[in-house]
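Sharing a structure with you now.
So that you can tell them apart, the chains are marked A, B, C, D and E in the order they are listed, and the count of residues begins at 1 in each.
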Amino acid sequence: MSEIIEGIYQAINLILTLNPEMLEITLRTIYISLSSTLFATIIGVPLGGLINFKTFKGKRGLVNIIQTLYSVPTVLVGLFVFLLISRAGILGELNLLFTPTGMILCQTILIMPILVGFTINALSGVEKNIEDLAMSLGANQFQTIYTIMKEAKYALMGAVILGFGRAISEVGVALLIGGNIRGFTRVITTTISLETSRGNIALSVALGIILMLIALVINLILNIIQEK
Amino acid sequence: MSEIIEGIYQAINLILTLNPEMLEITLRTIYISLSSTLFATIIGVPLGGLINFKTFKGKRGLVNIIQTLYSVPTVLVGLFVFLLISRAGILGELNLLFTPTGMILCQTILIMPILVGFTINALSGVEKNIEDLAMSLGANQFQTIYTIMKEAKYALMGAVILGFGRAISEVGVALLIGGNIRGFTRVITTTISLETSRGNIALSVALGIILMLIALVINLILNIIQEK
Amino acid sequence: MYLLEIKDLNKKYGNKKILENINLKVKTGINLGLIGPTGCGKTTLLRLIDLLENPTSGKIIFDGINTSYSKKDKLQIRRRMGMVFQKPLTFKGTVFHNVAYGLKIRGENKDQVQEKVYRNLELLGMDEYAERNAASLSGGETQRMALARVLVTEPDLLLLDEPTSNLDPLSREKIEELILQLKKENKTTIIMTTHDLIQGQQLSDEIVILNHKIFQIGKPEEIFRKPQNQFVADFVGVKNVIQGQAILTSEKLTMIKKGNITLYSSEKGNGKVFASIRPEDISLSLEKLDNSSLNKLKGNVIQIEDVGAIIHLKVKVDSEIFTVYMTRKSFLDMNISIGETLWLEFKATGVHLFQ
Amino acid sequence: MYLLEIKDLNKKYGNKKILENINLKVKTGINLGLIGPTGCGKTTLLRLIDLLENPTSGKIIFDGINTSYSKKDKLQIRRRMGMVFQKPLTFKGTVFHNVAYGLKIRGENKDQVQEKVYRNLELLGMDEYAERNAASLSGGETQRMALARVLVTEPDLLLLDEPTSNLDPLSREKIEELILQLKKENKTTIIMTTHDLIQGQQLSDEIVILNHKIFQIGKPEEIFRKPQNQFVADFVGVKNVIQGQAILTSEKLTMIKKGNITLYSSEKGNGKVFASIRPEDISLSLEKLDNSSLNKLKGNVIQIEDVGAIIHLKVKVDSEIFTVYMTRKSFLDMNISIGETLWLEFKATGVHLFQ
Amino acid sequence: YASGQGGNEVLVVATTTSLEDTGLLEEIEAAFEAKYPNIDMQVISAGTGIAIEYGKRGDADIVLVHDREREEELIAEGIGTERNPFAYNYFYIIGPSDDPAQIRGMNAAEAFIKIKDEGEENPDLVEFISRGDDSGTHASEKKIWDATGLDYSKTIQTGKWYVESGKGMGDTLMIANERQGYTLSDSGTFLSFKAETQLEILISESEELLNVYTAIPINSNLVPDTNIDAADKLVEFLLSSEGQKIIEDFGIEEYGQTLFTPLKNGPKPINYI
């Protein structure tokens, strides 16, 4: 277990010395995971809202499929997107492979089911009557959905935090789509995986600790936003 | 994209031919991920219940930390458990490294924060008054918690399905703790990762499809349980 | 003009018919009371009117617009209505937020919102509560907040589902005054359900007696004095109902016989009828008096009930039991006790006939 | 024996004192009415008694056990109580499930649960609803289900928070009968809040007038006839309250002066006092009659209100306005109209004094 | 410095993990980009199979691998332009220090036969951990089995002693350490991991253990959009005396010994064709 103590020590050291490469990797990690979370939220939450509020045939089945997608392995999403954006793929022209943009795209897809699914979960927890109340007070469909989301904001924020957690901690997509290119697509998780395969376990632990600190800070910020 | 069609074709083929190695890997995958989900549920849901119902100083902070743990990278958990159960570790005696049991242990730890966190989320969505109602009708603390869980069963089942999804789709822990040893700790995700590194993209896609089918069936079963 | 017309409205839940064949016209500016037993469909009807639910069949026409046609108009129509729900409902957040909601979603500017919210909270004696967490309000406070929440939007049609059920008498009186004032000053049309018959009678211009179907529509005094059928009579608490055989004896007089009892009514009737006499129309005396009342019955006091202002007596005449009201004063003056023999007198104009 | 004793109870939310210095003893088997304006702390008091909330200070002693001591006893004590909440609350699931809840958690066997649930549902006319989704019940149905849910557990102490606020008159009467029956047959002690003063008066053995503090405890007739202070008088709707200067003229008579009005009361008073006369104790005549009533005042009719059974008159005497009740019959007989001059008469025993 | 900035021409290099994991490519990248400031060299490290796949799909401009058979296939398909061997080292046969199968001093093929025999007899004591992932290292292992005259696919079915990790070199070494088994490792990875394990080099410098690293630019005629110019420049650089010097010196600082021998400037291996 000495590696853990060593890891903590190294983590403190990395933070205190403000290692420029570390800083760059950290900022990129935040940028990529926050962007994917943002996009997935912007698309997934309204989509979840729509599914929750519409009654249609096969809704139950759709929710089942969305929940099944929680189980999609990152490599599978990675492969799928890879086939799409690799030069030989349909979107090959866009040159997205091995770029941060490609990573954001892929992670957005990856965490989308979580956001859609847990939006549905969160909203279905809100009393049905609140919907009536909002509508009765003259809210249009959009305003009604927005109101109910505000009622469920605690649960929704949980989903967003989870999506963010999945994005920032994810390594499969980051490796396959990002390629772990130093100075360009290297993020904390891929660095951990590289350092682990190099046998630098203490350094990996240190990086893991830094990742957790980032996540903590971002969660705190998201929680403050939620309070408003 | 031809690999995807090829992948679907191969998936059908693998299923129809009942490839014995494939069958073995599939059963192991189900065994390991269901076991971890079960343990994490048994521990995590009551724990989440306890946290939700007790008022104590630092509760808010604790919830924040739990939510932060959504972001814990699988490699980090993997490394931690690895250091614990490897020969040189404290639990080295137990010979858990590179065994299915070790994988279950580690995945249980991995998905625990999700179950605890989303249990809190789900329960906090239940009207505070329901708690009073249960207590007033003479429910003891345990019965009160159980009642509120039943009120929130939809959201709780969402958390369990998510935990299961994370466990079955996870590859970092499976590789680091399981070791992807053929015939012993190899599961679908580690096979996908192996086949991908071998460049067998279509086969990886096929395996991914099979994984999704398993997840679908298990979700359906969980949903039927929930209905009761 | 009719603000609201309901035509052949039906509503089922599953196979259960909740509302059957509802036809109703509500004039602009009137106050319509919706009265009926528990589970009779009052809330359902209000929800249908507020376009929160779709009818199984039939039409709801609001201000000339058929609400089932124009899907897009629904929102506009709903914005001209306001409903206070029977079940206390609050948005998370402060009382201010709750009351401001309707204005905010209509995009009114901040100052206006501020001004209107406070004005309406004041109106309901809730201005001190503006910054309170709405969830922590008491039952009655919640109800007043809910009313303020609707009033800020100045609806043309106000739907009130038991708006005073959680209020103490003083607060209730204030709300009742407010409702009357709204009608007078803002020409707001109001449909309100109530279980409080007195309230219904006092506040309404017209009353609908509902029990899945409409049993009677009319002015309060019609409903209470001339119930059109047994259901309404029972429900509005018409106390002395006697089923008997009627014979028209002259142009202006019907004679009703039931056992040894003979009654005279100035209304027309024939064959099997119900006759009802309002308790306060019956006077009591210790001896048979010689006066113009046509109906004079002898009976024994079997029960005395002290209901505060008024004493309720039950007097047995033949096999029928009559309820009679009298003031405490005359009760004490006459020194009535149980078992005493008394004479009941009432005029033929006081005997109402229905089937 | 006292089933419940409350000693020096205080409850604050934040800095707001909700309940101050509550002292109350509730005898086993009695029916205590809790009456007070909106937001006065009724629900809070019931919640404290049901041990759902902790007092800021003070003791609640149930059947001799101090509930603040023994944490473990709380559950046992709570199982001997039952509360019907003001806000309609249901567990997800059927009506049966809701009503069976209390029995199931007490571990009763299936047959017994089945039998008791159906017996109580029937008692409340809800047996047909057993398999219905509880969330889809109407307001009144929910309230009846909530009562059944509590009754199955046969509590020693029943706490009812506005148990009939959503019920129509007929259902309400049934519930009222049920409450009286429970008291009689099961010796259940009941504490109930109500906004319906008549209900409070009819059902309660004792009434507590609450407004954060206890303003009066007493038998219903004491409360309604002899309010101890202005608050209670106002609240219970004592109509004719006159503040004047009292002089004790003899052993048995107090003279009260207010402007040109002089009143005589058979109660003792001195200095500044309030005098109240119940509207139904006042009789009216067109001329000053020569009889034994000590109080005879001349006034003008300024308002006539028709409240169904009874006519309410407002009569202006000097600068005071008196409310007088009379039956429709005598109203018509006397042919009273607005502006008419009348004589008010009442006995000295009908004038109640308080400060 | 960050290679993401400055360069306006991108050179994507797909490499097997062993080159990246040792850190050699980082130094090469630094020097190469210093020389060609307008080229941004981006290194993707992946399993041999997927690295070659990247090449085939045009996602990489050049691949650096160590699997002769597949390299030749790539040339034959016309996807790779030519093989440019630029460095070599030897695989090691690694095992527990007590060497339960007693293979010390043998050549690679003999050692494999010994491990198999002992392993079949006593699978609790003697195990061989194979990468089993079709990597360059795995390909070399197969070649050694071929050299023993045994049929590879039958051999690996003969019992519990043959364990397939299906993972990268580092992880496979960890498994070997945990199970106290034998394995075949490239020298660079083993030296990185030595400190973490109680394993020893039992056999090195056997003829069959030769491990040659090759650079293959991707043919821009067949796979459009690849940056063949920059790829050629990298090949040129790897084979230049500057590049060869970097390879020669790499590792002395960290491990006290060289990890790779430059193939153009350094001594040629025995029997090298």
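Criterion: a residue touches a chain if its C-beta (ideal position, glycine included) is under 8 Å from a C-beta of that chain, and two chains touch if they have at least 3 such contacts.
Please read these numbers as outputs of a predicted model, since none were measured by experiment.
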item: If a chain touches chain B and chain C alike, it appears here; value: A, D
item: Interchain contact steps from chain B to chain D (minimum; 1 if touching); value: 1
item: Inter-chain pair with the most contacting C-beta pairs; value: A-B
item: Per Cα centroids, the chain farthest from chain C; value: E
item: Geometric centre distance via CA averages, chain B-chain A, whole Å; value: 18
item: Gap in Å, rounded to a whole number, between the CA centres of chain D and chain C; value: 23
item: Rounded Å distance between chain A and chain C, as computed from the means of their C-alpha atoms; value: 57
item: Chain B and chain E, separation of their C-alpha mean positions in angstrom; value: 35
item: Residues of chain C whose C-beta touches two or more other chains; value: 87
item: Residues of chain B whose C-beta touches two or more other chains; value: 127, 176, 196, 201
item: Sequence positions of chain E contacting 2 or more other chains; value: 46, 168, 171
item: Pairs of chains found to touch, sorted by chain label; value: A-B, A-C, A-E, B-D, B-E, C-D
item: In the complex, chain B residues that touch chain D; value: 127, 129-130, 132-140, 143, 147, 150-151
item: Chain E residues touching chain A - in the complex, by the definition given at the top; value: 1-5, 12, 17, 20-23, 26, 29, 40, 42-46, 54, 57-59, 168-171, 192-193, 195-196, 223-225
item: Interfacial residue positions of chain B with respect to chain E in the complex; value: 86-87, 97-98, 175-176, 179-184, 186, 190-191, 194, 196-201
item: In the complex, chain E residues that touch chain B; value: 46-50, 52-53, 132-135, 163-168, 171, 174-175, 177-179
item: Chain B partner contacts - residues on chain A that touch it in the complex; value: 1, 3-4, 64-65, 67-76, 79-80, 82-84, 89-90, 114, 117-118, 121-122, 124-127, 152, 154-155, 158, 161-162, 164-166, 168-172, 176, 188-189, 192-193, 196, 201, 204-205, 208, 211-212, 214-216, 219-220, 223
